[in-house]
Amino acid sequence: MNITIWNENYGETHDEEIRATHPEGIHGTLAGFLREIPGSKVRTAVLQDPEAGLPDDILNSTDVLLWWGHIVHHLVPDELVEKIHDRVLRGMGMVVLHSAHHSKIFRRLMGTTCDLRWREGCYARLFNLNPAHPIASGVPENFELGAEECYGEFFDIPAPDDLIFGSWYDSGEIFRSGCAWRRGYGKIFYFQPGHETNRAYYHPVVRRILQNACLWAAPQVFRSVEGSPQLIPTLEEIRAGKE
Amino acid sequence: MNITIWNENYGETHDEEIRATHPEGIHGTLAGFLREIPGSKVRTAVLQDPEAGLPDDILNSTDVLLWWGHIVHHLVPDELVEKIHDRVLRGMGMVVLHSAHHSKIFRRLMGTTCDLRWREGCYARLFNLNPAHPIASGVPENFELGAEECYGEFFDIPAPDDLIFGSWYDSGEIFRSGCAWRRGYGKIFYFQPGHETNRAYYHPVVRRILQNACLWAAPQVFRSVEGSPQLIPTLEEIRAGKE
Amino acid sequence: MNITIWNENYGETHDEEIRATHPEGIHGTLAGFLREIPGSKVRTAVLQDPEAGLPDDILNSTDVLLWWGHIVHHLVPDELVEKIHDRVLRGMGMVVLHSAHHSKIFRRLMGTTCDLRWREGCYARLFNLNPAHPIASGVPENFELGAEECYGEFFDIPAPDDLIFGSWYDSGEIFRSGCAWRRGYGKIFYFQPGHETNRAYYHPVVRRILQNACLWAAPQVFRSVEGSPQLIPTLEEIRAGKE
Amino acid sequence: MNITIWNENYGETHDEEIRATHPEGIHGTLAGFLREIPGSKVRTAVLQDPEAGLPDDILNSTDVLLWWGHIVHHLVPDELVEKIHDRVLRGMGMVVLHSAHHSKIFRRLMGTTCDLRWREGCYARLFNLNPAHPIASGVPENFELGAEECYGEFFDIPAPDDLIFGSWYDSGEIFRSGCAWRRGYGKIFYFQPGHETNRAYYHPVVRRILQNACLWAAPQVFRSVEGSPQLIPTLEEIRAGKE
């Protein structure tokens, strides 16, 4: 399984606190524990790389793409967004993290604004709403995430195919914080934790969830058809041996 | 629309505080504002009535049945539960309230334990997760419910067809507090608020939600077939005029 | 309820058979029976009208928009598609008909290719898979549609929130032919029948379904917020009277 | 993974044609290819065995239970049905086959009648409606099943969490033939093919689907709690070190 972690890599290069939290960038923090998945091959890519980090050869050899972005969503080229969108519909898995709820690619896949409410400096708990889901494997009924930015409802997304986690914040909000969808042949998981100055990606349960998500999102098969396919033979044609 | 409100009517007759909160019983409090639905005809029934309050003529003329129970679920006759179950599958709407999550009829319809966590003496907020749903009509993005018993996840229910409301409690819990399902030809809505010593049913938004729920759950048609029906004609039979 | 029927109006002006089937255009045929909805005000719009038929004053006073297109999807201006998309997310209902599965606006809302298989000259039956759904009100368990273009699976759409109708074709295909979704504050219904040379829109059950769909899709409320809203007050702020 | 295949084993002992189709019983035919799953340990059980084939030690060591029944559903003891039901809710996977749609355990789990239409002597095709689902792994967009009993809609089940396969029959029917649900901690898959005198279970794609289904339904964890659990600590208790 080829995992590619994409990060806008802006905060890490402009903010001392973020750099202190993620010395090798958020992509580096993520890569550290995703490499523990047996059989995985993990690459990282950042916006500042050539072709915004995702030239065709990288994108087209990626099975699961993780996406972290926040402030510079608008700098991701529209043409690249269309390429990623096409690859997800053909089977590539995608894990969308935290403030990437407003990324071009997530909004493109969802077809909605993906707006939400937010407030910094909160305390969060997560609840497991779907204990039989593969992404919840090994996750307890609930766990203390600790310091995290609060995201609040109404979260303007299509109803998830699977609602897996819900969050409670001490500021008085709830959030559908772990949501899964199928789009075309691809699978998408959105996960709320991951504010750049907090340490969610160091939490063992969060790490387990993201490892599970990569395994779940891995494609079974890539769709190869171009455009609207022809019909299969009619029964009469089959019976007449005209296949 | 014939609405029947069923109540176990136990607390009201054994506890001064509950009687003070609901001088005419919880069924009486509910009836007060459900009668405001244009075209509704509201009846109340309690466990202490003959045939546990639901003789055939009442059940069979009910379009929407509301159910409040808590301590004496076990006193509802199994035979009655089967009759209600059958009528829901044929089209009757059902609104299941608060501690009736553990009623025989709700567990029968859901096929799960309907277990949950709970704690008294909390403060609750509700969030509107599905603003286009008819049951959310006129409901703001969120509202302060105030004092309410806390119910917490994991709530052991089938994934709702429509998740409409979510609750936040100051004790540190979240809950899927407004859930809708179709079963057979009938519609079912579960709504969490309604602890017997709290005043949820006096809250204007709660009243609006329960009025909406009755309108939404009203049957379109009752299923009349008995057992597994025969097949429709084959195309060849239609073509041969053998209908 | 303000209903606007949009039609690309191409076949009617280029093909004798289509004109014979729909003397006043497909929009005219649809308007004829949608005007029967009590309280409805029905307008029609075609691609050849100024501003592609949907200047702001018409779009912004539309509660439910029906869309029929087939050959000239590409002539609908992208800017108009974005305006319609925005209005759906704010609450406008949308009924997408037949070959409009490939319209820009439907693909934009779904986030998928909306590809399918197809074959002309078939015979179709429809099955009611969700008899308690408002759009299925008055619809029998199944009905003979008769001559209709066949659409076949795999239909590349997000899993519907509600799957309401399924089609059988004598050519050996099945199709999820009546599907409903919520996006933002708006509701969307896709319905397969309606090939331009067939007479589906003269079928009494089809007419009932489309009338139901308009009533179902009518907005409850329009979302007025711009961008990501602020958070609601924290509980501490409420307690401190800082609302 | 411990797989147990339960079969009522009635037709095989009363009908020459069924015995000819399944010389070792339907359970034997199924066991033959389920043993190919790496890491699986397959047992068979029949109604005629002591304790209807499922004494506690067998049931309680089963990870995935397959169920085939048709004519003698009523002979399965109610007490056993409750035990199976409880184990599914705690995590055991269940694969329900063909005419077992009317088995006590399936109706118990679904909470509906599970009625459907039927006709013998038909020809069936299956369509893959959910190509990214693990149960559809390796399954083409559609395939010819061949001779099979027709099951027709309306199939009185709760809306599936995942609709994976749909069937087309030459008699003019469609059917939601591959449906998945979660109930409690357990996963359930219903699959239509498998009429006792037809050869569906010799079809390579059907075999692949049932192998996939066992892998998918395998429990991640078993729920151990008894009754309604206590609440987790409040935030104040956590902060006060009272965990």
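By written order: A, B, C and D. Residues from 1 in each chain.
Going forward, a contact is a pair of C-beta atoms (placed from the backbone, for glycine too) under 8 Å apart; a residue touches a chain by one contact, two chains touch by 3 or more.
Quantities reported herein were computed from a predicted structural model and do not represent experimental measurements.
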item: Selected interface, B-D versus C-D, where C-beta contact pairs are more numerous; value: B-D
item: Furthest chain, CA centroid comparison against chain B; value: A
item: Chain centre separation in whole Å, for chain D relative to chain B (CA means); value: 30
item: Centroid distance [mean C-alpha coordinates] between chain D and chain C, Å; value: 37
item: Where chain B touches two or more other chains, by residue; value: 125, 130-131, 141-142, 152, 159, 161-162, 170, 172-173, 182, 184, 232, 235
item: Parts of chain D lying in touch with chain B, wherever the complex brings them together; value: 85, 89, 102, 108-113, 115-119, 150, 152, 156, 158-159, 161, 171-173, 181-184, 225, 227-235
item: Chain C-touching residues of chain D, taken from the complex the two chains share; value: 125, 127-131, 141-142, 152-154, 159, 162-163, 166-168, 170, 172-174, 176
item: Of chain B, residues touching chain C in the complex; value: 91, 123, 125, 130-134, 136-138, 141-142, 144, 161-162, 170, 182, 184-187, 219-221, 223, 232, 235, 238
